[in-house]
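Note that chain A is present in both complexes that follow, paired respectively with chain B and with chain C.
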Partner chain A sequence: MDLLNINNLRIEFPSRHGTVVAVDDVTLKVQPGEVLGVVGESGAGKSTIGNAVIGLLEPPGEMTGGHVFLKSKQIDTLGAEAKRKIRGRRIGMIFQDPLTSLDPLQTIEQQLVETIELHLKLGEKKSQERAVDLLRQVGIPDPETRIKNYPHQFSGGMRQRVVIALALCAEPEVIIADEPTTALDVSIQAQILDLMRRLCREKQVGMIIITHDMGVIADITDRVAVMYHGKLVEEGTTAKILGNPDHPYTQSLISAVPRPDIRLKRFPMVNYIEAESVRPRHIDLATHWLGKSRDFEDVSGPLLSLKNLVMTFVTRHSIIKSRRKTFNAVDDVSFDIAEGEVFGLVGESGSGKSTVARMVCSLYKPAAGEVNFAGTDLTKIASESERDHFRRQMQMIFQDPFSSLNGRMKVMDIIAEPIRFHKLARTNREVEQIVTDLLDHVGLGAKAAVRFPHEFSGGQRQRISIARALATRPRFLICDEPTSALDVSIQAQILNLLKDLQEQLGLTMLFISHDLPVIRQMCDRVGVMKQGKLVEVAATEDLFEKPQAAYTRELLDLMPRLDKLSHEGLEVEKA
Partner chain B sequence: MSTTDYLEKSRLRRFFEGDVWYSFTRNPVAIVAAVVTVGMILAALLAPLVAPHDPFDLAKLDIMDASLPPVWEAEGDARFLLGTDDQGRDILSTILYGARISLVVGFASVLFAMVVGIILGLISGYVGGRTDAFIMRIADIQLSFPAILIALLIDGVARGLIPKELHANISIYVLIFAIGVSGWVQYARTVRGSTLVEKNKEYVQAARVIGIRPLTILRRHVLPNVMGPVMVIATIHLAIAIITEATLSFLGVGVPPTTPSLGTLIRIGNEYLFSGDWWITIFPGATLVILVLAVNLLGDWMRDALNPKLR
Partner chain C sequence: MISFVIKRLLQSVFVMLAVALIAFSMFRYIGDPVSNMVGQDTTQAEREALAERLGLNDPFFMQFGRFVVKAAQGDFGISYKYREPVSHLIEQRLAATLELSFVSAILALAIGIPAGVYTALRPRGLLSRAIMTLSLVGVSLPTFLIGILLILFFGVILRWLPTFGRGDVVAIGWWTTGFLTVSGIKSLILPAITLALFQMTLIMRLVRAEMLEVLRTDFVKFARARGLPDRSVHFIHALKNTLVPVITITGLQLGSLIAFAIITESVFQWPGMGLLFIQAISDVDIPIMAAYLVLIAFFFVIINMIVDILYYMVDPRLRADNAG
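The block that comes next holds the complex of A and B.
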């Protein structure tokens, strides 16, 4: 007998533009002690399944077909009150954001004890004992005193442990975890996954983990179901799906995952989701407009050279200087980037890597140090018009494709803005031609010009960002986490595009990412940052194979182990 | 939807297929409010054409028609639908002409407050630091006085400074200025808040990386993105401005009696209330209530429709 049985589930979202089928004929089974992973990209319908099982489908969504059985008892037909009794008691839930899943105004004890009393009908004393015991099981040190704390007194990882304890406290038979580690740093992710795996075994709980992350899937699941556009395209054991997938979508998805252990020439087979255009036509810089008016200084040394860069933020303002509190976001950072090189900057959130980028492109004024670009110290430039000369040579691609484009402007105007500002074309006709050509090169096509950004998907918007950055014909491109907001297959497409453009235009790049596998695919040399300091700079292959600094080794150890993944169709680049 | 379809669609067409229009057609309250508002604005604008009489043409006034009740009362006269005042002026016609003054003052002062508020709010939010503190403290100080008091103060100062014969001519501008100044704070605060959010978004940073100068960034990038909430406030402010104008005119410090607004009409009528001539004040009063209520309901709907969180 299956623990949880989802049969031919169909969920529709009626809207004025027609009905959207979010989940289409999905059948899943979970056994006790088993971890089932549901993987798919955004919009695949995976979270909707979880919500439907626990009876929290958001209106106007409705189940229009199929059944859900919990231990052969049909639960989808129950009334709201009966469903509420099952929720928490027999099916536990763990959500993505541990901060919002706990009530900030109640202590952990109040929340745990209330839930235990409600579901298990134990006395107050017994409930408290059980709450402390649960906290100990999920690995919270000194649970007797910590239980009196409020959620904000716990770190993100500890908070997620509390959420897990909360999900476990009624001894549920099934746990549904929706992106349980997405909001956490990598180092904490591994611990939480281990904990979930162990608890699942010990208590013989069936677990459904909903995620977009192949690393999580490889780490913890026994079986995997792959979702695509609301349909279940493939299901099987984790080893089979990762190592030898049958369905072309699964193959394409797995080939798009950046590997920590090898460096690829390009990502193959990434055309399944969003038709990737043909590779950009070859650009001959001698004749093409992208090669024109490159009145750039020749450089003998490195193109960019940072010397002892410091950035200070005031954390407490005061008129009296001695009462001010400051914090060095970037502390004595120096490195060089040679012309044509791709330099990666890697580190956890808050390590100061984005601050370095913002100082390089003059968004922040450094507190001390030099930013030498093509032989000129940019920090010493006083006049804006003099700075424009360097702005033209240096452009930036941002992280969030949804906020990096002005939603009130058409794509044509967005890309034309830098061309007009730097007077790189004589007539409007010429501007339009250049924009059209750029859109072609980033694989969007000329018709995109008359549309507004909200009509495009995240990956397409990032292409528009790239076109805008290329419009000034720069020689130096800063990419600040350019793919971290994108789905993995879209990420592979964008990385391919950046690689192609870098090669064809001979661009020099500063590539910032928290994701080591991505860094490995893209960069020639890498700098590792920790708390504002640069702890190691090395050639990429050396860094991955023979890390010197202890912190680098620590980061490398935390990378998801993806060696189970199929290598089919991958073309490895020799160092 | 294919690209060619899209290109053939005009802006208007896209508006009518958009979510805002859809939410409008599904909201009967909003539709009624819009119809009433537009109807009243049209009637006021076209007053010289639609009004049955010209209440300000002294040659046509007849003292024999004075103080006639509405048509359905026993002594009513078919020529005067809503009755006449003490000088024999048709109440319906004076309301149409009066609403015209009220609406002009309302729209103009909203526009004035909006322009001042948006500019100060943009500067405050974008520049930050001491400039921001200075502008916002002025806003706080002004907020600690009731708006009507500030309008009264400005009106009083203007009366003191400007010679009496001149004052009658420019009193409407003084009124617009007074109501406008008393209302800018709302706009400045809202725009400042939105600007603080928008200026940290990456599209503004991207413009800075290109080298675009701050004024252009504010105009081209920030301003269009902060206008949504401003339009909502403007609608609700329009209702408040009309009320403020009516209050000032009721107190006798608004527009001169030669060009009466709704407030002036209510004040004049008020004097006859106890002699039983209720229609002189009730009808202008009811007009004011309906107009303000309709505009307010429209503003409420707009706030919900433009707020992505409530959708």
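The block that comes next holds the complex of A and C.
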């Protein structure tokens, strides 16, 4: 008897432009104590399945076919009240973002006790004891006092533990976890996955983990189902799917995963999902405006040299100086980047890596230290016009493709703005020609110029960002987590594009990421940051093969094991 | 908590001093106080004696200090027109305005919040649509028109309710209340509705918008996924989270209800402060204007402080001192 049996599920979303089939004829089975992974990219319909099982499909979504059985009892046909009684009691749910999953105005205890009371009717005293016990099980230290706290008093990882405790309140038989670790740092992710696997084995709970992350799949699941455009394309044991996938989509998905253990020349073509737009014209950068000499000062030493950089933030304001509290987000950081080099900066959230980037491009003024760019200390520049001279040489690509483009401007104007501001072209016609060429070159095509950012997907917007960054003909590019908001195949495309551009234009890059495998693919040298301090700087291959600092070793150990993944079609780059 | 309240109190004192300065400047420098007080045939010597007696020849800071000390004791001088202490005039009328404002505020909250919640929970229901359409009327029609229409309908055509004044009032000390007599309550109904209508629709639309926002959040989704019944999801988790912005707006609106009941008071000839103030403006009765300014500023400061303390109680994230 299957614990949970989802049979030929079909979910439709009627809309003005016709009906969208979000989930099409999907059959999944879960046994007690088993972890089933459902993997796929955005829009594959994987979250919709979870919502349908617990009867929380958002309107106008509708289940138009198939059945859901929980221990042979059909549950999809039950009434609203009966479905509600199953939620939490027999099927628990864990969501992606622990920071927003808890009611901010209620203590952890109130939320736990309310849920326990509802399902188990233990009485207040017993419920409280059970709540404390649950917190202890999910590894929250000192649960008797912590239970009185509000959600904002917990860190992200601790909050996800509380969310798990809430999902476990009534000992459900099935847990559906929708991207449970996506919002967490890699070290916290490892702990949370560990915890989930342990609870699953101990309590013989059947678990469905919905994720886009192959690392999570490799780490925790027993079986994997691969979804593509609402359809189940392949299902099998984790070892089989990762090591020897049959379906071309699965193969392309796996080839797009950045490996921690090898460095690829390029990601093999990963055009299964969002067809990498055909480039209508190839632009010969040797003769084109974009590739022309940009009359920058020659540098003898490194292009960028940071010396003892410090950034201080005030955490408590006060008129009296001794009562002020400050903390150093960046503490005595020094490193050099040679011309044409890609330098990676890696660390967990809050380690200060983005703060370094902002100081390099003068968005923040350092509390102390020097930012030497092409022989000039940028922190000492007083006049705006002189600063503009350096701003033109230095451009930035941001993490979030949705908020980094002005939604009220057409793509043409977004990309033309830096050219016009720095007066890099003589006539408007020339500007438009350059923008069109740029759009062609990043693979969007000239037609994109007359559209607005919201008409593009995340990956396409990141291409717009890249075109905008290239528009000043910079020699130095700062990429702050440029792909962490993107799906894995889109990430592979963007990383390919950045690699190509870097080679063709001889760009120097500061590449910031929390993702070590991505760093390994992109960078020549790497700096590792921890709590504002630089703990190690080394050539990429050395760092991965012979890490020196203890913290680096720790980070490397926490990387998900991906050695089970198929190597088919990959071209490995030798160091 | 205590340090927070003390900090707020200090800020309030500062605000009140600034308002007092404006009120004092008005008092002292708009027009000549002496000519306002004496008749045409007063001699120059008498005028100067009066100026000396009123302390008008003292240095600025002494005069201002005296004004502040007196104002703090509720003494704003003597009205030019009524020849009575301003404090006495305001005392008589404060009760009328406050009663009207509070009844309106309670009306606006008691109807606005439930209506907002209802329209958020059933956005497509027939009743919700009807309420939303009606609320447009409330937001867009000017107060005086609503007042006049109500008078026409309930006062003139149906003859159910009185159309002006406070009816019979009962004095409790210096406070006169209309709550204790039938005619007092009857007289209160029309002006209170008129004054409340705009606030009611505003609060309703605000609650609705906030509630729709909160219902889309992850923690509401997670609460549902734990099987919590709708009642708990809507009223324990969602409603409380909509309150912070509602408290802000309501606080400010209560302030304006008191300060700007003027139009309603004029339409219904309600013997409140607004009416007194309007008359003071046409008579250039500066002591009354100055007192009104200080008093209204005082109400706003007090309301703001209560709002801040309420925030503090509703939202644990603002209690920075126990953050972990």
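To be clear about the criterion, the second predicted complex is superposed on the first by the 509 of 575 C-alpha atoms of A that agree within 3 Å, B and C clash if a C-alpha of one lies under 4 Å from a C-alpha of the other, contacts with A are read in each partner's own complex, and residues count from 1 in each chain.
Going forward, a contact is a pair of C-beta atoms (placed from the backbone, for glycine too) under 8 Å apart; a residue touches a chain by one contact, two chains touch by 3 or more.
Treat the numbers as computed from the prediction; the structure is a model and nothing was measured.
Looking at the shared chain after the overlay, A:L565 reaches neither chain B nor chain C. Judged by the touch definition given at the top, the superposed model places A:I86 against chain C, while chain B stays out of reach. By the document's definition of touching, of the two partners only chain C reaches A:L102; chain B does not. Of the two partner chains placed by superposition, only chain B is touched by A:N406; chain C is not. In the superposition on chain A, contact of A:A167 is made with chain C only, not with chain B. When the two structures are aligned on the shared chain, A:L363 is found in touch with chain B, with no touch to chain C. Within chain A, no residue touches chain B in one complex and chain C in the other.
Note for the complex: chain B touches chain A at residues 3, 6-7, 22, 201-203, 205-213, 220-221, 224-225. Residues 54, 56, 84-89, 92-93, 95-97, 100-107, 114-115, 118-119, 149-150, 152-154, 163, 166-167, 169-170 of chain A are the ones touching chain C in the complex. If you check the complex, the residues on chain C that touch chain A are 217-219, 221-229, 232, 236-237, 240-241, 314-317, 322-324.
Per the touch definition, chain A reaches chain B in the complex via residues 16, 358, 361-363, 384, 387-388, 391-392, 394-396, 398-400, 403-409, 417-418, 421-422, 447, 450-451, 465, 468, 472.
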